[in-house]
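What follows is a group of structures, each given as structure tokens.
Two complexes are shown next, each including subunit A; its partner changes from subunit B in the first to subunit C in the second.
Presenting the complex of A and B:
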């Protein structure tokens, strides 16, 4: 198996490539490329996603924006944001492979413009085509287990389920489904993608045992994107550390932290 | 006023025109070298003409707002066509979070009730529950303003000369390079950012000031240009080609005007066009000093907003050597401002 999560050194391994950061940062909608660059630096993110379709240069080489992206010195994960059909997504993936010399592709096939939710049928079909063509696919999907299974069958080694619809900042809309997904696929790297609005959302996902968090709007549109990126990096570290440390079970009854049994002279001094 | 200098201004976009007018005004001998306008329109030809130093603070650095506030004063002393009627920012109820965010990131915006919105813009009566009003902001018809500035520069003694894009520049005391993306080969960290706009005409709707309709995906604006014409703009796309407007951008622009007021459905589309704005990595204008040549560049979305102040700063530098610390830069660009230059794709 190409992909494993090595818990001893706590390295995140995605398609054989190790990372120490578990934050994946989107590059759209920052006030300027300089502020984007600061956000990447302060958060120590090692993977950034770029959109080829709309925000950016449609795969045209020689654009200075690509130079700026490349100069960040981090791993580029191109995406197919905005694609509505299998064919569009496959074409965009091929442009990305050429432009960034990478087999990595974050696969998004969107069902409708209002919710931007994944079109799971086309997603699976596009994933199958791309994997056969040698791509290493990171599918943006829902928390549906049967879809996840189809994606794994298609050859995806990483899954990116949504927390909530893109850009909503609503956090984990269905923590139960995400917990089930984690338990169902204990060995597959799972990255929560979309809907994360504040650091506590990211911590919550990491406490569920997720392997990483993919973010864009929450950082890009913050008043101080660089500082917010740092806050997210810290919250992801906190959640990850908690998961590894083993989180206590919830109980219905109060349990005093100082033992009271065998404390016979309980109130003697009070009289 | 000091000794008259011979100065060549390269480029007759809004930046070059303001340099020409200001430097003539300071008694210098100014020649403007410009490209054939039909062959290559400057980026400013596609501008909206908003002078909105406070609204732009939503995403721009503080220096842009400072230069903008000074520029409004300079515009008003030179050009009689400036309208100071403020700007109005509105959002649909479902996007009220956008309005809260906008208010948090900007200064001087006054919250508006539906009644106040109707008072400012009667045609928007009943359409928006909440808004922000930026009273000190202004607007103008940018193409008329450019023609006026050109005429003004000629009256003050400037001469205009058509040149080819890569023509050698004759000797002068100073060369003020305002070529925008034309200077891309000289300024290594200059990039192009595409913007698309539409000009529509409607006799049915009367708006008197720029209106920004906030939306989580496409925050656009409508600027009244007079004579029933409205400029709808502008997209911000990290692409460097000025090819025709795409269907998607066209839908966004026109859909946006329609969302602002359904009466725009019957408006006539006069023009839809794309331009490419010059920008540095921080999207903030710079004066780059290279010997006797000054590059005034990187105006991004803020050409009309900052050109007058930058011309003032340039004239001051030529006379006193004073370098505004936030605007001047002594090198033509660093290839690699932050990263380690490693291109590391998976």
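Presenting the complex of A and C:
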């Protein structure tokens, strides 16, 4: 298996590439390229997501962004954002592979505009086609276990279930489902993608045992994106450390933390 | 002939996709192309002949989430 999580060194390995950071940072909606660069640098994110769009300025806009990516020196994960059909996604993936010189593709096939939820049927079909063509696919999916199984059967080594709809910042809409998914696929790298609005959401996902967090809007639209990116990096580290440390089980009834034995005055009212 | 480039109808004398890219100033630019929804790799542009009403996509790297 090419993709594993090395718990000894705590290196995250995705399709054979090791990473020390577990934050995957989107590059859209920042106030400026400079602030985007600052966010990447301060968070120490090693993977950034990118896209491709129609070029209207004789290649200059794309070239400027390409230069910025190269200056950052990070791993690039292109997406198929906005695609609604298998054909659109496959064509976009091929264009992205040529543009960014990488077999990695964050596969998004969107079902509708209101929720931007994954079209799981087309997602699985597109994943199968792309894997057979040599792509290393990061599918943006739901927390549905049967879909996850189909994606793994198609050859995906990583799954990226949503926390909540893209751009909502609502956090983990269904922690129970995400916990179940983690338990059901203990050896598959799972990255929560979308819906994470604040660092505590990221910590919660990492405490569930998730391997990483993919986010964009929560950082890009913060008053201080660079500082927020750092906050997310710290929250992800905290959640990861807690997961590795072993979190206590919840109880319904109180249990004194201070030892009861030896409590002074314990028997005054006993007569 | 009339074709559609990135959603905008326009006339062109270009016979191939490579010619079109050069005519539009994308000759050496970092762009990827598709014709009528099918990806056309850089080495294949010269052999990809254009027909009237073809829909061409020319895309470049951009910010994404």
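The criterion applied here is as follows: the second predicted complex is superposed on the first by the 251 of 271 C-alpha atoms of A that agree within 3 Å, B and C clash if a C-alpha of one lies under 4 Å from a C-alpha of the other, contacts with A are read in each partner's own complex, and residues count from 1 in each chain.
The rule is short, and it goes like this: a residue touches a chain if its C-beta (ideal position, glycine included) is under 8 Å from a C-beta of that chain, and two chains touch if they have at least 3 such contacts.
Keep in mind that this is a model prediction, so the values were computed, not measured.
Peer 1: Once the structures are superposed on A, label A:79 by its partner contacts, choosing first (subunit B), second (subunit C), both or neither.
Peer 2: second
Peer 1: Regarding the shared-chain residue A:65, is it in contact with subunit B (first), subunit C (second), both, or neither?
Peer 2: Once the two structures are laid over each other on A, A:65 reaches both partners.
Peer 1: Which partner chains sit in contact with A:49 here, subunit B, subunit C, both or neither? Use first/second/both/neither.
Peer 2: Only subunit C is touched by A:49; subunit B is not.
Peer 1: Tell me which partner A:100 touches in the superposition: subunit B (first), subunit C (second), both or neither.
Peer 2: both
Peer 1: Taking the superposition as given, does A:91 touch the first partner, subunit B, the second, subunit C, both, or neither?
Peer 2: second
Peer 1: Just to be sure I read the superposition right, which of the two partners does A:200 touch: subunit B = first, subunit C = second, or both, or neither?
Peer 2: Once the two structures are laid over each other on A, A:200 reaches no partner at all.
Peer 1: Now for A:216: first (subunit B), second (subunit C), both, or neither, which partner does it touch?
Peer 2: second
Peer 1: Quick one: classify A:38 as touching subunit B (first), subunit C (second), both or neither.
Peer 2: Touch status of A:38: first partner only.
Peer 1: Given the touch rule stated above, what does A:26 touch, subunit B (first), subunit C (second), both, or neither?
Peer 2: The second partner, subunit C, only.
Peer 1: What is the shared patch of subunit A, the residues that subunit B and subunit C both contact?
Peer 2: Correct list for subunit A: 54-56, 58, 60, 63, 65, 100.
Peer 1: Flag every residue of subunit A that touches subunit B in the complex, lowest number first.
Peer 2: By the definition above, subunit A touches subunit B via 15, 17, 31-35, 37-38, 41, 54-58, 60, 63-65, 68, 70-77, 100-104, 136, 167, 221, 223.
Peer 1: Taking the touch rule as given, give the residues of subunit C at its contact with subunit A in the complex, in rising order.
Peer 2: Those in contact with subunit A are residues 6-7, 24-26, 28-34, 37-39, 41-42, 57-65.
Peer 1: Which of the residues in subunit B end up touching subunit A in this complex?
Peer 2: Residue list for subunit B touching subunit A: 59-61, 101, 104-105, 184, 189-192, 216-217, 237-241, 248, 279, 281-284, 335-346.
Peer 1: Name, in rising order, each residue of subunit A that touches subunit C in their complex.
Peer 2: Going through subunit A, the ones touching subunit C are 26-30, 36, 49-56, 58-63, 65-66, 69, 78-79, 81, 87-88, 90-91, 94-96, 98-100, 166, 216-217.
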